[in-house]
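Naming follows writing order (A, B, C and D), and every chain is counted from residue 1.
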Amino acid sequence: MFDKLREECGVFGIYQSIGQPSGQPNPAEIQAAETAYLGLYALQHRGQESAGIVSGDGGQMYSERGMGHVNDLFTPPKIARLKGHVAIGHVRYSTAGKVSINEAQPFAIKCGFGQLALCHNGNLPDASEARRQLEYDGAIFQSTSDTEVVLHRIARSRRRDLIEAIVEALMFDDGAFSMLFATPDRLIAVRDPRGFRPLCMGELEGATVFASETCAFDLIGATYLRDVAPGEVVVVDSHGITSNFPFPPKPHTHCIFEHVYFSRPDSIVFGRSVNKSRHLMGKALAREAPIEKTDDAIVVPVPDSGVAAAIGFASESGLKFRFGMMRNHYIGRTFIEPQSNTRHLGVRIKLNPVRDLIEGKRVVLIDDSIVRGTTSKKIVKMVREAGAKEVHMRISCPPTSWPCYYGVDTPTRNELIASHNSVEQIREFLEADSLGYLSLQGLYDAVGDGEQKRFCSACYTGNYPTQLGNFGETSHEREELTAVPLATD
Amino acid sequence: MFDKLREECGVFGIYQSIGQPSGQPNPAEIQAAETAYLGLYALQHRGQESAGIVSGDGGQMYSERGMGHVNDLFTPPKIARLKGHVAIGHVRYSTAGKVSINEAQPFAIKCGFGQLALCHNGNLPDASEARRQLEYDGAIFQSTSDTEVVLHRIARSRRRDLIEAIVEALMFDDGAFSMLFATPDRLIAVRDPRGFRPLCMGELEGATVFASETCAFDLIGATYLRDVAPGEVVVVDSHGITSNFPFPPKPHTHCIFEHVYFSRPDSIVFGRSVNKSRHLMGKALAREAPIEKTDDAIVVPVPDSGVAAAIGFASESGLKFRFGMMRNHYIGRTFIEPQSNTRHLGVRIKLNPVRDLIEGKRVVLIDDSIVRGTTSKKIVKMVREAGAKEVHMRISCPPTSWPCYYGVDTPTRNELIASHNSVEQIREFLEADSLGYLSLQGLYDAVGDGEQKRFCSACYTGNYPTQLGNFGETSHEREELTAVPLATD
Amino acid sequence: MFDKLREECGVFGIYQSIGQPSGQPNPAEIQAAETAYLGLYALQHRGQESAGIVSGDGGQMYSERGMGHVNDLFTPPKIARLKGHVAIGHVRYSTAGKVSINEAQPFAIKCGFGQLALCHNGNLPDASEARRQLEYDGAIFQSTSDTEVVLHRIARSRRRDLIEAIVEALMFDDGAFSMLFATPDRLIAVRDPRGFRPLCMGELEGATVFASETCAFDLIGATYLRDVAPGEVVVVDSHGITSNFPFPPKPHTHCIFEHVYFSRPDSIVFGRSVNKSRHLMGKALAREAPIEKTDDAIVVPVPDSGVAAAIGFASESGLKFRFGMMRNHYIGRTFIEPQSNTRHLGVRIKLNPVRDLIEGKRVVLIDDSIVRGTTSKKIVKMVREAGAKEVHMRISCPPTSWPCYYGVDTPTRNELIASHNSVEQIREFLEADSLGYLSLQGLYDAVGDGEQKRFCSACYTGNYPTQLGNFGETSHEREELTAVPLATD
Amino acid sequence: MFDKLREECGVFGIYQSIGQPSGQPNPAEIQAAETAYLGLYALQHRGQESAGIVSGDGGQMYSERGMGHVNDLFTPPKIARLKGHVAIGHVRYSTAGKVSINEAQPFAIKCGFGQLALCHNGNLPDASEARRQLEYDGAIFQSTSDTEVVLHRIARSRRRDLIEAIVEALMFDDGAFSMLFATPDRLIAVRDPRGFRPLCMGELEGATVFASETCAFDLIGATYLRDVAPGEVVVVDSHGITSNFPFPPKPHTHCIFEHVYFSRPDSIVFGRSVNKSRHLMGKALAREAPIEKTDDAIVVPVPDSGVAAAIGFASESGLKFRFGMMRNHYIGRTFIEPQSNTRHLGVRIKLNPVRDLIEGKRVVLIDDSIVRGTTSKKIVKMVREAGAKEVHMRISCPPTSWPCYYGVDTPTRNELIASHNSVEQIREFLEADSLGYLSLQGLYDAVGDGEQKRFCSACYTGNYPTQLGNFGETSHEREELTAVPLATD
């Protein structure tokens, strides 16, 4: 409904030790899935379309997937069915209309290596070509997901060892993959050598846990140990934890948008507090695109993601910070606008201005991005109708001009307003009194990477760190892929 | 789950004009219920247990009620069944265990006056005695709700006119009632002479609308005209709008807690911006219970309700405002903590501190109330564990020491921590470094009523504006009433 | 979907003894509702629209009602909530469109006598007048059901004793009522002095049980003791069983259609085997409306209700009995014919001829009634299309010409094909080669009542045993009543 | 719940012609799935666990699968999503505990041949070995079903043509397969050379339809043309219908149990009326295992499947046919016996004797099979308790002594009572006064195959028509296979 880029996934994994002399419970009594459920609940913001957990009890694996929110899906009886000491889970977002249980992860299969489950945060840009080759070679696909390619490569590997097969399957894929694999008695975490997507590792009373963000550790009471390093393969089983770096090293290209929008402010991502980055973005924005300080000027965040940057902006500029827009948090995923409603509700379903604060004020709206511009335009209009004298829009990153192929759901280039409009043209479209973006250097500084060596900023620059085949300009391939809508159960 | 006082209800009503020469659609084509659905959606914060809408099309009435959230319950087919140009709706909160569809409003009955529906925000403290008398006189009750008493009085009235019967039924009830009645072709709004609960009146393209708060008008695009005045009876039908003041006038005693916590900050309630009141509460609190200004001191709201006061506090004190605690908004009503989870999740299900902001800081937490104290204690602990050097708790109203009998779900006096503990004792219980409450005069000033003539503050003072029979000290009666748990469908 | 008269209800009740020296379990551990669930399951044929059970545990009452079939509604958690040693239950049929949870019984109320529940098989023709008077006197109605009138009369009674109030409420109602009342610790069974509807009494391991038909006793393993006699009031409580006959005696007028169609053949109803009656109807029909015996003549029942009579017909006539039509038993209540299906499925959804049996044969179809004639016409056509040389229709009772006001859902007189057509005209409409009905005397003989003193046959004769006010000819009143469709939750 | 062998599946397929000059609607407007829904509804008796439909509109395919009954699953919105002019559907039975949406057919995949769907009635005994080989070769399995093996073989085929690949995949599989394949614009029907399972072909207003039994054609109004011949491959597409016989011919071995029990009596199966076969079984049984004709002797079918044979038995023996046992048809799939019910309900949930018919009689019970014997024993007991003087059990086929590997869910040999007990021992176990089975020759005669050349009777003789590897005696392999319970969504 709203004009945001969408993270495509969050992952969580847990391996609980069993059967040790110290009196650990036996696997049948352990429910790693309970902790996975809580972890996914904390990662819900990374994907609200579908969720799934696969567990293993040493002998077998159990799977529950469904459409919807984590706490709606995982009823106590479902969690109870997910037995065992190993569990991986996934939350997923997907574009409207591409909604299918077949796409929900983790994928669980049976192959020559036995039972195997996989969940994936990221995207493999080369997978569509590989998929065609695999289909030519007799592979059967159940979903439209490129993640399935990895499973086929593993199943077809001639390696005797599963870990070797996994490494082989991913060796030449220059894409984004923070992956968790589970077997009935092992948990394997893999992160691509560029480290596009986050993957954190923690410890919880002897159990090893993995999550896309540390906010999942906070909820379950786990301690954040470190990130799974770019290119690292971590295997956890009854013998303990082993780490390997089998992939050729590559420059790090962390997704800078995780700090701008995707991750929760209370998370540590890529080893850095997200809130800190956003606060500094706001401060830098105040310096780069200042607003004259007057008594009637207020800084208002577009909730919830604009809050941290807005506080930074207010702090740096000395303008007053005011919570001038309320968000309705009961909207859920099910809100349906009445069909015969002739007044289009637009953003009012979700946001309502606080007239008392806005009226007669010069309002500086702080948001984290403008994608198509349509929502921002409505917000500007709504704020103006609430009585604002002036509406100034400030964005805590540079103009989003290029689609992402590394695990973010972006519209085509043509749909990105900044791809073919100047800042002034966008301002005109928004009908704002002024519009300012944070500079790329300002953003790099804010995320603590002034040297610009660790982050991917392709969505702002078009400088994709990997070869993209036919993708680059048109994203034609990508769209063709997603247009295969078989099988919605 | 959380330690808050609970508003028991929100109401919404709409009457759409029909059949006028100017070419209005006929009632069969109008769906007032669509607008009622949106209005209730905007009032969802006033009650999440059950919701209902009753509509009328001139000839008949239609009803849909259910347990749960507005946007889950009112699917398009259900809304489509609610035909006609008149509609009233209700959202309801109720204490745990007292959950039953029989209690969901609006109540819809058939009686000598024909079909009649009623929804009620407030409470009638004298109703239990009246109920016993009515039962003795042969009345049948379907719910445990005292609201049903009003319907019986109306049904038994010897008045020939429904409006007169309604007035008669409420004439001697010195309680809190913001009520909406609907018949197949009329809408009647009634507010008690003291004006305990809010009731706003608006206009939407020729339709007349009523709502507990103006945020409902904002969503549907209606214009706020005025409040239904205390003691006023507004009747809307095909002849237009008529207003009467049939009840003996009484001193106004608006619920001050509407401004402290219940209402949304973007609403106008009792004719005053809620956000403005809260901002001033925060400012007054900063003056009354100041914190030494140091570089490492930050003001952190307990989200979401503490935000406005926290901004006021920061503004007045010059301390930094920081969003140091994140709230998980996906919690919904269905979160179930896994049974075998040995680590009690407590407030972490809902709140997580931003360690980067908290660590090494002197944290001033701003909240709107302390009821039992258990949640506040957990929050203090959580903030301290996130690295705070000091934790100072500030509450934007006086200590809540007395139960409410006018439509708020409060625990018994014994459970209210402030009823039998000094501020210092509460501080000790919370393990906070300091604790400060806003004074009663400070609160009156903040809501713009320095003269203390328009608001009820019984929950702070025990000075109940009405006679309470046996209720006063023990709330024994009230509990006995709610212990009649027949009939959960 | 099919053209049948519909029984409106079935009732079941159970009182389990508790707390006796012999070591009976205490009420909290008893679940009378489990047995009630099974009893209703066996009575499902008497009503498939809604079902409900109310139980009592000595202190309180518990209620579960819903739309649908017994075994879909009463999930284990729902049954578990129905605590206690007393339970009454109800299954209900209702005409399409009049579907509402508000109409589902048992009705459970709170009144001056405390908590009280009621379920009713039958109909009170005078209730609509009484309802108007009660509404005038201030009574509130929740449903369109006339049964509620009885509850209001009880609630308004000045008697000190509940049983006396119940008797008073029903004293002057010359209608059909087989009723079960429950309080938290009592079970009361009442049958009208005419004995219109059946009500059986049984014993199950010390518990006393009541049911509309004995097939409910068979399932739970109870022993059939006797019928509740016409005009009898049976009270079961901790003091044992007491019986009274407080009503003025009236001639018995059992519903003869219970034996023709409503009851299950394996039940004993009005003290007589239903199967035996039907078998004799078939035999008498063979004598009264014979078919020439040829080698190619077969007797085919319209399943399921025509089977017993068809066997009797075949036995008497010497014609071959063949199961020439199969019924699809998976149809359930949810079958929805695809919207764009241009071939109207009609009876084929439910019935399919066995071509191998039908082809080239003279087919004698045995059915139990013709209401509007539309379904019968389709069946005749279908059988002819399956290759029958001749199709002879035989009906095991006289032409149904008059609506019933004693608990059967009948169409208006005008809709009854036999009300304004001769047998020959009906035959023409059906396009059958011949058509024969059983004579009224033949029917009386078949049910063992040759003297015609114990049964009501108003649907065949129009001789209603009670005064019907305005009802008689037009059934106008009745339709007006059912046209008040408030409140579908 | 009941002691029957279970057919594992029913299939239905339809291809509607499009785009012809004669003004056929375009594929987007056609809903072949509507007809498939009706077809599956008529085949519901062949499988009640899960159902699915996959459709194709020339460009894409659409899939809906679920657990439960056809008319519960396929709501109008679901059917509406199944666009296009091609559709195949499947109903499935499965043993308790092996319930998973992953097993529900049709399977829909994407492979080198594009989108492909498959549903299968039958079983491939050699598939488990093939499955292991495929897994070794890198194939990924989603279900425990051997049907998936066929899909992998097709996907891996080097043939350029899909039909050739299908033939190749099935060429050497000496099992039972009545299969329907669908692509976005083709429908392919394949039947194994032995013709184990039925597969009928019909015509409906220019559309070509396939179904397991002709009763599906009756409902939709289609004309039965012929069977898909053993070994035949029928392809239907825009070019018309083509037929091929690519497989090496084998002796026909139709499943004789289709006539004994599985199929509906109103169906034509293997070119012969099922009702006719059953009637003749009953007649032969009366000759082979006669009962002395006395006035008090009655023939009673165990409903519903025993009816046709019972009528034949009565006809031949001259004994009276009586419907002495009633079946409760509301049982559905959801009946749950209350947990604390100490009286085990057993067969009474489903069957109730008509005491009036049974009492004092010599009862000849006609049933179609005895599997474990437990249900039969309960029935005998129940009939005796209803007052039968004698209970004689007659079975309309020989003793079932061997498990089936061709698509029937049978228990292991040890569980089959006839595998290790003489008829007299079984009679003793059942506590029947006498027990008689139909002879094998009698059965062959009844199905019109006196020469015993066209039917498989392995379940009676152990003479399996195919090589069974390790299966024969122990069915060990089969059980191991079904013990892989991954992935229940």
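Going forward, a residue touches a chain if its C-beta (ideal position, glycine included) is under 8 Å from a C-beta of that chain, and two chains touch if they have at least 3 such contacts.
Because the structure is a prediction, the values reported are computed rather than measured.
Engineer: Rotation angle for the CA superposition of subunit C on subunit D, to the nearest 5°?
Structural biologist: 180
Engineer: Residue numbers at the subunit A-subunit D interface: does the shared fraction exceed half, giving same, or fall under half, giving different?
Structural biologist: Same; most numbers are used by both subunit A and subunit D.
Engineer: As a quick test, compute the distance in whole Å between the mean CA positions of subunit C and subunit D.
Structural biologist: 36
Engineer: So what's the Cα centroid distance for subunit A and subunit C, whole Å?
Structural biologist: 60
Engineer: Where the CA atoms of subunit A average out and where those of subunit D average out, how many Å apart are those spots?
Structural biologist: Between these chains, centre-to-centre, one finds 48 Å.
Engineer: For subunit D, jot down the residues that touch at least 2 other chains.
Structural biologist: Correct list: empty.
Engineer: Among all the chains shown, which pairs meet the touch rule set out at the top?
Structural biologist: Contacting pairs: A-B, A-D, B-C, C-D.
Engineer: Looking at the complex, which residues from subunit C come into contact with subunit B?
Structural biologist: Listed in rising order, the residues of subunit C that touch subunit B are 54, 60-66, 81, 101, 108-112, 115, 135-142, 144, 151-152, 155-157, 484-489.
Engineer: Within their complex, state which residues of subunit D touch subunit C.
Structural biologist: Checking each residue of subunit D against subunit C gives 31, 34, 37-38, 41-42, 44-45, 48, 69-72, 75-76, 79, 215, 218-221, 264-266, 268, 273, 275-276, 304, 307-308, 311, 314-315, 320-323, 326, 328-332, 334-336, 338-341, 343, 345, 348-349, 352-357.
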